[in-house]
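Accompanying notes for the structure given below.
Each chain carries a letter (A, B, C, D, E, F, G, H, I and J) given by its place in the written order, and its residues are counted from 1.
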Amino acid sequence: MEFLVRSENRLPPDTPDERRAELKAAERARAIQLRERGILKRLWRVPGRNATVGLYEADDPAQLHEALMSLPLSPWLDVTVEALATHPQESGA
Amino acid sequence: MEFLVRSENRLPPDTPDERRAELKAAERARAIQLRERGILKRLWRVPGRNATVGLYEADDPAQLHEALMSLPLSPWLDVTVEALATHPQESGA
Amino acid sequence: MEFLVRSENRLPPDTPDERRAELKAAERARAIQLRERGILKRLWRVPGRNATVGLYEADDPAQLHEALMSLPLSPWLDVTVEALATHPQESGA
Amino acid sequence: MEFLVRSENRLPPDTPDERRAELKAAERARAIQLRERGILKRLWRVPGRNATVGLYEADDPAQLHEALMSLPLSPWLDVTVEALATHPQESGA
Amino acid sequence: MEFLVRSENRLPPDTPDERRAELKAAERARAIQLRERGILKRLWRVPGRNATVGLYEADDPAQLHEALMSLPLSPWLDVTVEALATHPQESGA
Amino acid sequence: MEFLVRSENRLPPDTPDERRAELKAAERARAIQLRERGILKRLWRVPGRNATVGLYEADDPAQLHEALMSLPLSPWLDVTVEALATHPQESGA
Amino acid sequence: MEFLVRSENRLPPDTPDERRAELKAAERARAIQLRERGILKRLWRVPGRNATVGLYEADDPAQLHEALMSLPLSPWLDVTVEALATHPQESGA
Amino acid sequence: MEFLVRSENRLPPDTPDERRAELKAAERARAIQLRERGILKRLWRVPGRNATVGLYEADDPAQLHEALMSLPLSPWLDVTVEALATHPQESGA
Amino acid sequence: MEFLVRSENRLPPDTPDERRAELKAAERARAIQLRERGILKRLWRVPGRNATVGLYEADDPAQLHEALMSLPLSPWLDVTVEALATHPQESGA
Amino acid sequence: MEFLVRSENRLPPDTPDERRAELKAAERARAIQLRERGILKRLWRVPGRNATVGLYEADDPAQLHEALMSLPLSPWLDVTVEALATHPQESGA
């Protein structure tokens, strides 16, 4: 099942550059793994914000939760999740 | 997977009593079916309101959607759904 | 560019069934055209609601506006649009 | 009587791991006690968030308040409580 | 246990005066009964609005719900209920 | 005239226990004085929160303001005040 | 004591012109009386809206309520009242 | 001085086409006059909605109010106005 | 033109008393100057809060902005401004 | 395409003056570059706030995002972006 995931990054602006770069690299590496496992399907930037909208696919909310919590930035992310149902139009129904 | 479902009944106050009784009886019958199928697990009243909070279980959001739309009052219900993940504490994990 | 489009259907519950079916069929036909033109890319149901979330692609907000207003149900839709930017991760950047 | 309890954990992200683990273990121990006393009946995770939804049963709001304040994490929890009334459908009424 | 009950009266402005007077008299009679039974303890007007704040006492949310739904104006009232816990200061604790 | 006063206590969770106890005792002492002067009439806890709802009586908003600002915790309280009018039902009118 | 009163006029757009003019004239006449009695002190238009902000002075919220309810348009007004305290700066304190 | 004006058109969806066309033509004619007088400077559509954002210039809020109320659709428009101050950067200050 | 100005003081509760007194005195001195220049016309306290509502008069939003930013507490004030239009009733129109 | 960009500056009030001046100068320099590139078209101050509303033009949300993130103050800015469509009235259509 698919989920729309909105994520605001609340990492404090005064985080040292090195720490920030480190976290960003780790985040990116983990995101690539989630893509490879088919959990992260699309990712957009919310223009002007340090925020993203993502389309995720997971077996259930528990698996999604685990995936999101495995992101190195997760302690600073303010995340909201919306479970969606594929529209019958999609399958030509 | 479980869902918390909040439902506000917007049936107009000037609905004729007969129509109202008819809808209520049909709603109740359908709710009993959903209970028997294990989809509707708990139902509460929001005190003071013509509204309910329900705990539902469904295979996915699409099945939940179908179940909710099968309720005779659904055209008048303002429904919000929240997908929940069982907490590891529940399983003694 | 891509847009996330949230759409609540406010068609009154007392709309005659025939009119409702007619509008639904016309809506579906138009949606298929928008898919074929590559404007409507994905469509989800918001479980429990007469509402959808869609992923659209258009040259600009004006083209998107035209596409959305061409939907037969548009007079009854309460639509909110969010312009998104593809995340650099998507392109492997 | 039953209460729906939503709880956001505001423990600062920079809390040392040891302190965090200690608090989490104590929280878990206390939650088990509340389960054994029949006060905490169900607990869910809000996917993507450091937050829970719980179903509690208590004699009255004062007893519920005491139970919630006895949780070791309570100084960092942002809690909202909703008193619910069992729906007559539940009892077959 | 005590509840704070906020109630907005949505009776349409074009309700005939006679119907309005009838409902108001019935509402008042029922409110007096609720006072006599000790359920309605205090009632305030929200200045400038056709709205009230009330302090109610009931055994549980279900009894409160029944009391509120017994008000003749209840089909037009938009009610929100907040369960309160007596503060230990009250009892000199 | 009466006021409904909602008060959220924002004292930081990491306030030393001694300081917290000191402030709580002073708050309690001042609250008793306000009760004796007839300004504080009722006080409730909002279950699950470090928050209260109070019923106050004062000559005017200025006197109420002074009373609320005299509370030792006032620098950390987020207070909202609602002026209420006694309902004619109260006086048997 | 003074009150800031925000008032949105919800008179339906399809109200016949004659009825509208009649109500407007009556509203104006009553407002003049409230000015003469010193209850209505200032009145502003919220630009672009059929809405006003007013500064009222009354003995208490009950008197204010009566004054506001005496306005011929009151059944269609959505009013919010805020009780204010004169700032000590005003009196040179 | 400049104002940002957001305007939602609440004309009912079941307005007859002829009436709608008539109002739209009159609205357009009046908007052209406001442009010629330098009051309406820019106008945008909010994509997906029957709504606009406009940049207006007027001597004061009263003149702006008059201009907005002169629009034939004004009885159905839900308008919010924000007064803006030119930023010193604009003038090279 | 007149503006309604709502101002919440976010000066941290742990600001040293001396610094607080200093800022308050400077704020008061500046406010008196704004009164003398006819910019600050009325000032109220929001009961229970470290907040004010003020009625200001300025040539335009830019002059108002300058006046508000000249207040010594301005770095800690969360200010919202509403431009108002004198109601025709005021001038006997 | 054009975007309306609202930006709240959350730079902490206790930022040293020198650092603040430095950031402000760099912000101004970058803003001038964005003007010269035609990306920043208009900029307004929100009166009373450390906030701006800007009218931007960019090829797409990604280019806008880059431009906004290039502002030296961007780590402290809380930005919301609204994509707008030129109204047909603008082109005389």
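Some notes on this structure:
Note that in this section contacts are C-beta pairs under 8 Å (C-beta built on N, C-alpha and C of every residue); 3 or more make two chains touch, one makes a residue touch a chain.
Because the structure is predicted, anything quoted here is derived from the model rather than measured.
The angle of the rotation superposing chain E on chain J, based on CA atoms and rounded to the nearest 5, is 180 degrees.
Inter-chain centre distance (chain G to chain I, centres taken as mean C-alpha positions): 23 Å.
Chain centres here are Cα means. That of chain B falls 26 Å from that of chain E. Distance between chain centres (mean CA atoms), chain A to chain G: 50 Å. Residues of chain A found to touch two or more other chains are 3, 45-47, 61-62, 64-65, 81, 83-86. If each chain is drawn as a node and touching chains are joined, the picture fits none of the line, ring, star or complete shapes.
Touching chain pairs in this entry, ordered by label, are A-B, A-C, A-D, A-J, B-C, B-D, B-E, C-H, C-J, D-E, D-F, E-F, E-G, F-G, F-I, G-H, G-I, H-I, H-J, I-J. Residues of chain B that touch chain E in their complex: 13, 45-49. The touching residues of chain A, when paired with chain D in their complex, are 3, 5, 7, 61-62, 64-65, 68-69, 75-76, 78-81. If you check the complex, the residues on chain C that touch chain J are 1, 3, 60-62, 64-65, 81, 83-86. If you check the complex, the residues on chain E that touch chain F are 2, 4, 28, 31-32, 35, 42-47, 52-53, 55, 82-87, 89-90.
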